[in-house]
Each structure stands twice: as C-alpha cells, then as structure tokens.
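The structures considered in this document are given below.
Two complexes, one shared chain (subunit A), two partners (subunit B, subunit C).
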Partner chain A sequence: MATTTFPQTRVPQLNRMQLLGIGAAVVGLALLALGFVTNTLQFAKSYIFGFYFTMAFPLGCLGFLMIQHLTGGAWGVTVRRMLEAGALALPIFFILSLPVILAAYNTFGFDHPIYHWADPNIVTPGAPEFDPIVAHKVPWMSAPWFAGRMLIYFLLWSTIAILLRRWSLGQDRGDDPVAAATRMRRLSGIGVALFVLTVTFFAFDVGMSLDAHWYSTIYGAHYMGNSGLTALAFLIIALTQLRRTATFEEHVPVKPIHDLGKLMFAFTILWTYLSFGQYVIIWSGDVAEFTPWYLRRIEGGWLFFVIALIFVTFFVPFFLLLGRKPKRNLNYLAGVATLILAMRFVDMMWIILPEFHPTVAEISWLDFAAPLGLLGIFLAIWAWNMQRAALLPLNDPQMEGLQAAGGHH
Partner chain B sequence: MAQAQPLPTTPQADTGDLYLLPGETYTTISQKIGDVPLTPPLKTPRGWLLGFAVAFAMLMVFFVSVTWLFIRGVGIWGINIPVGWGMDIINFVWWIGIGHAGTLISAILLLLNQGWRNSINRFAEAMTLFAVACAGMYPILHLGRPWLFYWLIPYPNTHGMWPNFRSALDWDVFAISTYASVSLVFWLVGLIPDFATLRDRATNIWVKRAYGIAALGWRGSARHWHRYEMASLLLAGLSTPLVVSVHSIISLDFAISQVPGWQVTVFPPYFVAGAVFAGFAMVLLLMIPIRQFYGYQNYITLRHLDVMAKVMLATGMIVVYGYFMEVWASLYSGNTYEEYLLYNRINGPSAWAYYGLLFCNALAIQPLWFKRVRHNVPALLIISLLVSVGMWLERYVIIVISLQREFLPSSWDLYVPTIWDWSLYLGTFGLFFTLTFLFIRVLPMINIFEMRLFQYQENERRRRREHATHGDTGRDIVTGKADPSAASAD
Partner chain C sequence: MQNRATPEIYGLMAEFRTPEALVAATHAAKHAGYSRMDAFTPFPIEEVIEEIAPGDTGVPRLVLIAGVIGALSGFALQYWGNIIDYPLNIGGRPLDITNWPSMIPITFEMGILLAAFTAAISMVVLNGLPQPYHPAFNVPRFERASQDAFFLCIEATDPLFDRSQTSQFLRTLGPLQVTEVAN
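Coming up: the complex of A and B.
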C-alpha cells in the first residue's frame, strides 16, 4: 500500500481559531463566574440554555460523522476530520454538563427548583402544591436517574467519537484503509440508531422537561434537525479558513462545497417542516395540556421571535440558497451560514427561555455569556484536535470520489 | 434490427457489487428492454396472459363492489359509529404510501446523483401512479354520495358552498391531485425518448405510428436533450417536496384531531418514513419476480436489491422510532386516555393487529442489517411481504384501535369488516395489477436511454479504475459507487 505518514499539521488559521476559542471561553467563563456570585438562579437558567444551545455543535458533528461513513460521497471526506474534531469535544462536554445535573439536584438550594419534577413541594403526595401529573413522571424524572442518563449518553457518544477517530487515524498510519472503512461503517450503522435514541432523550431531559407537564414526540427529532443545521453552518464557516491551507487547495474542489450548501438548504427546510408540523398539530388539536406551550411563546415580546423565526430562519435562507451558483461560492455560503447560526441561537432562546420568563421576553446578559463561554471551549477543543491529524483522511478509499470530483485541478 | 429475437442470455455471476453486469452494449440494452413492448400480440408470453387474466378478474370484483356500493351506500361496509373510518381509509393510506417509493426514486435520487436509480425508476414511478389511482378511489367512495365528489373542489357555485379549508381532508384533495398530476407528467416526460426508440425499432406500421405520436416528434437532437434534461431536473425539484408533503398531510387527517393515538406530533415524519418503507417493500415485491421472468438480472442486480433493502431498513427504523415514541408518550403523559390507548393496544380486542405490526415492521426487518440477508433474494421477498402486511396493520392499529374505544365507554363499539370491505380491497389489487400488466406489456419497464447512459458511465469508470494506481491490495475500492463526476444533474 502506498501509504504516507502525515506530519502533524501546524496551520496558522487553526491556531488563530484556537486562540479565538480560548479568548471567548475565558471571557464567557469569567462572566459566568460573576453571574454565579451575583445571581445564582439566573446563572443556572442561562447555563441550561447555553448548554442546550452549544451541545448542538458536537452532537451535530457526531451525527454527520456517522452519516458520512454510511453514505460516502465527496463531501464526507472533505469534512470528516472537522467532524471528528467536533465530536471529540463530547467527553469534555460531559464535564460541562455538571451544572445542569447540579440544577436537577437543586444543589444551589432554590426555593423552586428549575426542573419542577425535582421540587418536593410538587411531587410529594400531600404537599401543598402537589401535582399528580408531575408526580406520575417521577420514576423517570428524578435527579439520580437524570444524572445516570447523562452519564450513559455521554459515555456512548464519547466511545463512538473516540473509536471512529482512532480508526480513521489508523488509516493515516498505514492500517488497511478498506478494513478500517468497513469497521467505521459498521460502527456508524449501529451508532446512528443509538445516537437517535439518546439524543432524543437528551433533548427530552434537558430541554423539554423544563415544562414538566408538556410533551411532544417530535421534540427529539426537532433537536436533531437543529443540531444538524448548527453543525453544517459551523462547518461551512470553518471551511472558509481551512480552504486556504495547502491540503485543501490541492485536494478539495468546489463540488463538496456545493453539496454542503445543498445539505444546509435541506436542513433549513427540515427545521421548518418539523417546527411547523408540531405547531399545526398542537394548535389545531387545541388541548389544554399542549397549547399553553405555544401560548407562553407568543406572549410579551416572544411574538417577535416567532416572526423572526418564520422569516429569517426559513424564507430568507431558503431564497438565498435556492440557486446553484450561490451554493458554489464558499464566501457567500459562509455569510448565509452565519445568519443561520445566529437564528439557531434565537430559535433555542425561543424554545428554552419562555419556560423561565413566560409572560414577558426577558433576556439576561448571562444568556449571552453562557453560550459564549461554552462555544469558546468547543471551538478551542475543535481547533486543538484539528491540529493533531492530517486535514483530510488521505488514505481513505473515499478520497477517490473527491479526486473524481475534480480534485486534481 | 429485427425484433423479437430472444437474445442468448449468458448468465453472469452477480457478486453483488455492480449496478450493471458486464457484457451489455447499447444494442443489447435497446433490444432486451425494447423488445418486450414490441412483441406481436400473438407471441405474448403465457405467463403474462395468465397474470393479466387473474388481475383482470380481480378488477371485475372491484366493479361489482363499487356497483353494489353505489346501489346500497356505505352501510354495506363494517363501519359504524364510533369507527366511522374503517378499511376504506386504511386502504387509502396504505395505497398512497406505496406510491412514495416511486417519487423518492425518481425525484430525490435524481437530485442526489444516484445513477443506480436508472434501472428501477420507470417501474417505480408507474407503480406510484397506479397506487395513487387505487388510493384516490377510497375517499371518494367513502363520501356517501360519490357522484358529488367535485364538491370537494372549491369553485364558485350557486349553492354558495365552499369546502372547509380548515379540514385536513380538504388539504388531501389538493395534496393528492397535485401529487398525481406532477407524477404523471414526470413519468410521461421521461418516456418520450423511449417512445422514440420504440418508434424507430417497431416494424409494424401501426405500432410505429402509435409510438411515433407518443414520441412528440423526438429526434434526439442536442437541443432536445438539453431541454429534456432541464425539464426533468425542474420536475424532480417539483416532485421532491411532494414526497414529504403528501403523506404529511395525510398524517394531519389524524393528527389535527384530539383523538388519543392520533394527536401525535411525530406523525408527519413518521408517516413519510412509513410510506417510503412500504413503497420500497412493494418495489422489491414486484421487481424480484419481474427481473426473474424477463431475465433482467443484468440491469437489476443484487446490488440494487441490497441498496433498496438498506433504504427499507433505514426507513423501517424511523418507523420503529415512531412506535417507540408513542409508547413512551403514553407512559410519560400521566393522561388517562393516553395510558388507556397503550393498554388497549396491547390488551384490547384488536391487540393481534398491534403485535402483528410489531412483528412485521420492527422485528422482521432486523435481519436486513446483514449483507448475507440483503443478498438473499427469497429472504428479501419474504421480508418485503411481511412489511407490506405490517404497514397495513399499522394503519389498522392507528385508525380502528383509536376509534373503537374513544373517551366514553358507553359509545365503544367493535369494528368488523364485511365481505364488501374485503372485496373492494381485493378489487383495488385488480386495478393495480391490471394497470401494471398493461404497463409492462406496452411500455419499456426500464428506462432504455438512461440505461445506455449508465452503461457508458460504468464503462468509463471501469476504464479509469484500470488506469488508476491504487490497486495494490488488488481490491476494487470504488466498485459500483455512484460517481460524482458522472453527474447527470447538479
């Protein structure tokens, strides 16, 4: 086998991104610390929001990592290393989930725990605010089991991410690339099934159970769609930096960029489809159990979020990405991706924050500090991992597809 | 080139990694596919005649059932109050679901540059149209006064009546009629170059004229091809949302109500996945015998069966996810009616249907994880059959079990289909298979010109591989993979 060993890549662009990440992390965490001291309750709420928003990055990376192993294609090898680097942030994010778990335990001693199912006043029979429906959920929704599930999720995701990375690096070092590709494909097959299940419950646990009464069976799929869109937008923005490296200039033609643009377009529509589907079913059904979730989200200033979501999350990117030419222009795509990422932030705000401020759209400065800090950590880990391997899996059989797509030119 | 000379078919070893077995040329492709419709009537294969006779007899059952329905009304069916939707709506959803594989293959796979679709898209699209024809019957027959079906269409009228635009049933009218018309146009446009091939190959002057008229003056000039490619790309773009929209809207027929087991937010994507799942099962169910009968194993290879089985597994797992979400929701909800729904499904009078669907749709597809099973033709046939049954049971579970025992125990009632429910169902099979048999008799069931293009692309790919340097392991690492450079559409 004509195997080459690839030197560790020192790419100035990645270095810069890592510094940017570290900077954002330091600023964000400092602000979070300040918030913790001054207003612990708001800190906990904002942290849950920030964590839920930021988790979409590594989770989206892991999801696409497995999907591209299963489907193949030129776009897959192009971004594989970026996906691996992103998914490898998951073990660290387990540590970062600690404040959420502590909130579930109500360690900070709030009068009303953020997660209502953790409130003894609500779930203990005979207690003043006893709520039988919430109490019914206690076998599932209890702090130890919540923490246990988090452990299971992160253990599973981290194992998959680490194995896929190890086998992929094995290809670089000269392991049989076909055997490694088969191994990765097999793990991804079963991995996707487990991923879908665990991400669903992750979304139920962290996001949906903030309203302990309400449930929607599409909630998990919606979060997966959100994660996919988030990861795609991130990849496209990061590609604007990586494209200037020698490896990418030599090997990556416009075709995979075009494909990523198409995927981002498709996920924009998917997000709209899932969001609208949930809305039309709940609103038409008009059942007292379900509709309040939406009522809370059109009160006060939240209605402006809805309008922004309809137009700026769907219509604007839809028309911006409709044509063929725009999808082949990376800078243009990155512009749209930035807009999409900003709207992911707005969407997650609209989904999470009305649980804390139902009557009026109230946004704390901590709601910006938490995502900033966590996103900075993600970016730093990502860039750090990117520098520990070749930028493209050059020995992988799928590279031939990339070359056939015009990589020589 | 004379017609109807059966070609010596040399059996090729199909190792399961090629989409087109070697040894095919433009001529053999045109001949093997084009000769089937051009066979003179008297030389029609006996097997076809027999199959057509059976299908036609079943079509007569359809006419008898419909006539009796027109005379007596929907009372001849087993529907009652509370179960106002019975087999009519079950079969409607079942048939329309089957059509989705065709649209997915013809539209989405075209946009995704999946070259392998070329040998199955024509057939799958035809199946779509026939399935939609069967499906479309049911809501109309269920109207009670089916001859007034045009009242569903909003038009200015002296009654001063409009359809209820807030009803998902009215959305169905638009969804399905759009679906049927776009699919038909797409299919017919795709047939034009092949009509021209048949026109040029036909020896009988009348046959020549008939195909000639259908070919709309196609001469195969560069301009014709350019416009053709453009048109099919645009039609694919139009059809793609239809794959998702039609079954999503059908799911809303149930989901926008308040019935436990119907108001489920996961319904739209779960119905769409179920539709594609059932559709691929039906494509396999029909393709496997036909490729055997007409000797098309070179075009529809094991690798095709393998990918179709993978699509079936993937969509099946989404459906299983939907089942799981339903069970989880009723346990989590803390709502009596939701809890009772689950209890009723696993313990009620129709529990057999629920267990049946779990067996057929969740358990029976698990062997598809293994390549050995995906390459085993009889096993695929059995699994596809089970999936088709399972998807029918799914609709039975959703519709009948939820309605049999709604909120008030005093209004509970059982649903028992009558002979006329079953005969109408059998009759729609007659309609479906009669149309299918006519289709494979008079139209090329595999796309001739796309197969020729595909043959060229495969040869190019093979040649490129032989010149490539990375053959050290002696293994062919890109065998059969869709080649992004050979894009027919971008």
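Coming up: the complex of A and C.
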C-alpha cells in the first residue's frame, strides 16, 4: 500500500463539464431573474419545482456515498470521488434553498401564499377560508419551523459530506487508510439512518405540503428512490467523460460499470414499485381524503404524463437493461441513463406542477429555466470538486477489491 | 469429438499455485485456440470466468419466458376468478378490466415466482447436476481445488486437443504438475 500524495487531476473533459455547468447556470439564472421581475408568483412556484428536482442530484450522491462506505465493492470505490464531489454541493444548495424559505414566509406578499399552511386566511380560526385540517397542522407546518428544519437538514447533510470528503482525501495524503476507512464506515452507518429521516421530512416539507390536506407515508421513500435513480444516471453519464482518462484506464475494469448498470436497473424497478404502490393503495381505498391528489394529476392533460411514466420510465428502461451484455457497455448504458434522467424531469413535473397548473397548457417557461439554472450550478460545483482531488481513492483498502475484479492490466 | 470415437481420457489437468498463474494460463490457452476447457478454483475469479464461460447458457431466455408466462397466468387467474366466474362487489370496485390496478401485485408476484424457480431449477439441471461422478475426481490432490489450488482442465473433446502436444503446451505455462484425467 503506497502512501504517496496524489496530485489533483487535469482532465479537459471535467473542465468542459464545468464550463457547460456555468453556462447553463448563467442562462438559467438570467431567465429566473427576468421571471422574478415579470411574474414573481410564477418565479416562486417554478423555483420550488426546480429546487425539488435538482436536490435529487446532491442528495442521491450523498446517499450512495454513505451506502458504498457501508457495503464496499468495486463499484463504490470507482465512483466514490464522483459521489463526494456531488454531495459537496449541499452547502451551496442550502443558500439556494433561500427562495423556498422566503416563499414559506410569503415574503413576496402573494394574495394566496404558495404553501397553504402559511396563509392566515386558511389557518386563523374565524377567517373567511378557515380550514380546520390545515390549521391542525400549523404547529409543525409554520414558516419559522420550516426554516429551522431546513437548517437542520442542510447542516447535517453538509457535515457528513464534508467529513467524508476530508477523511477520504486524508487517505490520499498518507493518513492510515484502514483507520480512515473505519471512521468513514462508522459515520456512514449513523448517517444513513439520519439521511432516511431527514430526506423523508425534506420531501414532506418542500414537495408534499404543497397540498396541505393530502399526505402519503411513502412520499419520502419515493423521493429517495427518485434521488437514487437520478444520481445513478448522472454517474453513468459522467463516467463516459472519465472512462478514457489514464487513471480509469489503468484501474477500472468493466465489472463496476456492469454493477452500476444493475443498480440502475434495480432502481428503475424500485421507482415503479414505490410509485405504483402508492397509487394502488389510494385507488383501492377510494377515500375522498386521498384521491384528489391523483385526480389533479390525470385531468387537464396530465394523463399523458402518466402514460409516458408507465411506458418510458418503467417498461422501456426495464427491457433495455434486462440483458447482461448491454449493461457491460458504458456508451449504451449512458444512452439509457440519458433517457432515465429526462424521465426524472418528467416525473418531478408530474409530482409537483399539477399543484400550480391545473392543465398542462399552463406550464410556464420558468418551469424549465429554474431546473436549468440550478442543475448548471450543481454540474459546475461537481466538476470543480472533481478537479481538486485524484479521480480514484487509490490508497483506500477497497482498491484491492477493484484490482481483484480485473483491473490493473 | 469428430476425429475420435471415444476419447481414452477425459482431458489434461494442470495445477497452478496462484490465481494469477491460472489467469495467465487461461489467457494463454484461449489465445492458443482452445475452447473446451474448465477451471476449478476455491473462489470465483472474474477473469477466468470471462475466458471459459460458455457464451450462452440458455438460462436468461428461460427465465424471461417463465417470468412472462407467470405474470400473464397470474393476471388471467384473477381476471377469470374475480371478473368472469365469481364477480363480487368489493368496496365498489369495478367488475371489469378497469379493475386492473388491484390485480398488479399478484401479477408481479407470479412473474417473480416462476422466474425465480426457473432460474434456480434450470441452473441446476443445465449444469448436469446432480452428478455423483465426474472424471476430474480422478486427479490427485483435486480436493485442494476447494482449498488452495487452482486447476485448469483442457478437455479431450476440444478440436485442437492432442494428448502429447496439449500436455507439452500446458507444461510451458508453469504448472505445479500436469495430469491426464482418466475417463
């Protein structure tokens, strides 16, 4: 086991991805600024949607980062640096959550606040539109506690991401790699449990509470499945840019790529299981408390989204990823991953936007500008972090597993 | 098989001390054009599997067919039972095909059930198991294949197999010993 220091890497592809991210961020944020001036209400709605969609990238990276520390395996050590770089976007995304918190406070002074639980007309006893069900939730669903929870979530996620990164880079600099691996595994064990709780409540806060009446206990799990699928698709696409670097050519065999393909296949099924599980339970119960959420999502043209989700999010990737040989071909996998990523966007549109737009014709251009800008920021941060460390944690004990899987030609 | 009626021996078995030596020997044998060979190791070695694995085991196709049949029969069973033969009003759910969401869990389970059984059973059967006797057992020290020794066997049915030349070839790969495997 060498204890050399690995220089940070100069990879032109990463530089290109960083520029692409900055470009997308500039265009997206400029459009958002324009939207803020012309239509502040639509800006706030689109921003919440874009934020909810984009958060799946850093959260999925953090989740998989902890999981691969716990499970080990050739795939984990292959993508660890990519996961660290993605998870390190979380502190920046705390700053980017500010417009969502402002929307919860109704700082922009909309007549009807986006979050109904923040509307005094709805939650004040005796008010004209008083709704006892929503008012009942106010002790939990209030703007200060919403902001406080955001602070707790992002503090926790950022701390875990920064510690795991620091200890992993310590291995590169010659710290005892086994001790560092043990530390990272212990933190990940606690971290995964806290991650499941915090992401569930994050999804409840930002996404589910847009309809303050409705609730589904599987909503948080659905968002985690979505985050996992999003992160996997992103990793596979990003891997096409790194595969031909000298580091990856030397150390990374085909097995970890095959494993990532299998994981993407599994998460495709998991997403279907969670999505359909929620639907079939509510459909079977047929209770007026729960069905309106689905009714809003089949009326006004949203039914086309359902059909696209069933076929293009489940059946098409399922059969494309079923065989063994295709999963060992990175370019083929990246093609499927692009389709999956596009459908993640469609899925999140269907989950969030019907709360704002009863018909698909009302979808605003800002609903595309917000994800573009935020995703650009994520990509730029990711590529920037990737260039500040070696592409693989070469001193980690897990690297031996990668060699045994057929690396080191 | 084409140029000899019954091979007098099963094949030639070379024993190696390390997995690296076995990997190198497998590569060399593949490179030399041998195709009918098998390796015996205490643990799976990915690179050896890649070289000697038969291209198409037939298992994936069988599993797919079984999975589809399982899913279709699961759906048909419920459709026939709940809609045609004995329609019951359960919670006001429709008594026609629009009741399909409630049938998906069983459809899914039946698909998995048949696919999983087919995968396990066809794996055993297509591997020729159970097989109480195998010529490889005649090789001295072969029980070490499940402890610390790495064996490569080139079978007599290989088109390129020649008792003396193949034996010579295996000896060039640095084995501990090369043994003829009695049939």
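The rule we apply is simple: the second predicted complex is superposed on the first by the 405 of 409 C-alpha atoms of A that agree within 3 Å, B and C clash if a C-alpha of one lies under 4 Å from a C-alpha of the other, contacts with A are read in each partner's own complex, and residues count from 1 in each chain.
Everything that follows uses one rule, which is that a contact is a pair of C-beta atoms (placed from the backbone, for glycine too) under 8 Å apart; a residue touches a chain by one contact, two chains touch by 3 or more.
This is a predicted model, so every value here is computed, not measured.
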| item | value |
| --- | --- |
| When subunit B and subunit C are modelled together on subunit A, clash or fit | clash |
| Partner chain in contact with A:G323 - subunit B first, subunit C second, else both or neither | second |
| First, second, both or neither for A:Y215, with subunit B first and subunit C second | first |
| Subunit B versus subunit C as contact partner of A:F368, first or second or both or neither | neither |
| First (subunit B), second (subunit C), both or neither touched by A:K255 | both |
| First, second, both or neither for A:P397, with subunit B first and subunit C second | first |
| Subunit B versus subunit C as contact partner of A:K137, first or second or both or neither | first |
| Partner chain in contact with A:Y332 - subunit B first, subunit C second, else both or neither | neither |
| Contacts of A:V287 with subunit B and subunit C, given as first, second, both or neither | first |
| Residues of subunit A touched, compared between subunit B and subunit C (which is higher) | B |
| Overlapping contact positions on subunit A, where the subunit C interface meets the subunit B interface | 255, 280, 284, 286, 324, 404-406 |
| Residues of subunit B that touch subunit A when the two form their complex | 166, 244, 248, 252, 255-258, 263-269, 317, 321-322, 324-326, 328-329, 332-335, 369, 464, 468-470, 472-473, 475, 477-478, 481, 483-485, 490 |
| Touch list for subunit C against partner subunit A, complex | 46-47, 50, 60, 64, 91-93, 101-102, 104-105 |
| Of all residues in subunit A, those that touch subunit C in their complex | 253, 255, 276, 279-280, 283-284, 286, 322-324, 404-406 |
| Touching residues on subunit A, where the partner in the complex is subunit B | 1-2, 72-74, 132-134, 136-137, 140, 176-178, 189, 193, 196-197, 200, 215-221, 255, 258, 273-274, 277-278, 280-282, 284-287, 289-290, 324, 397, 400-401, 404-406 |
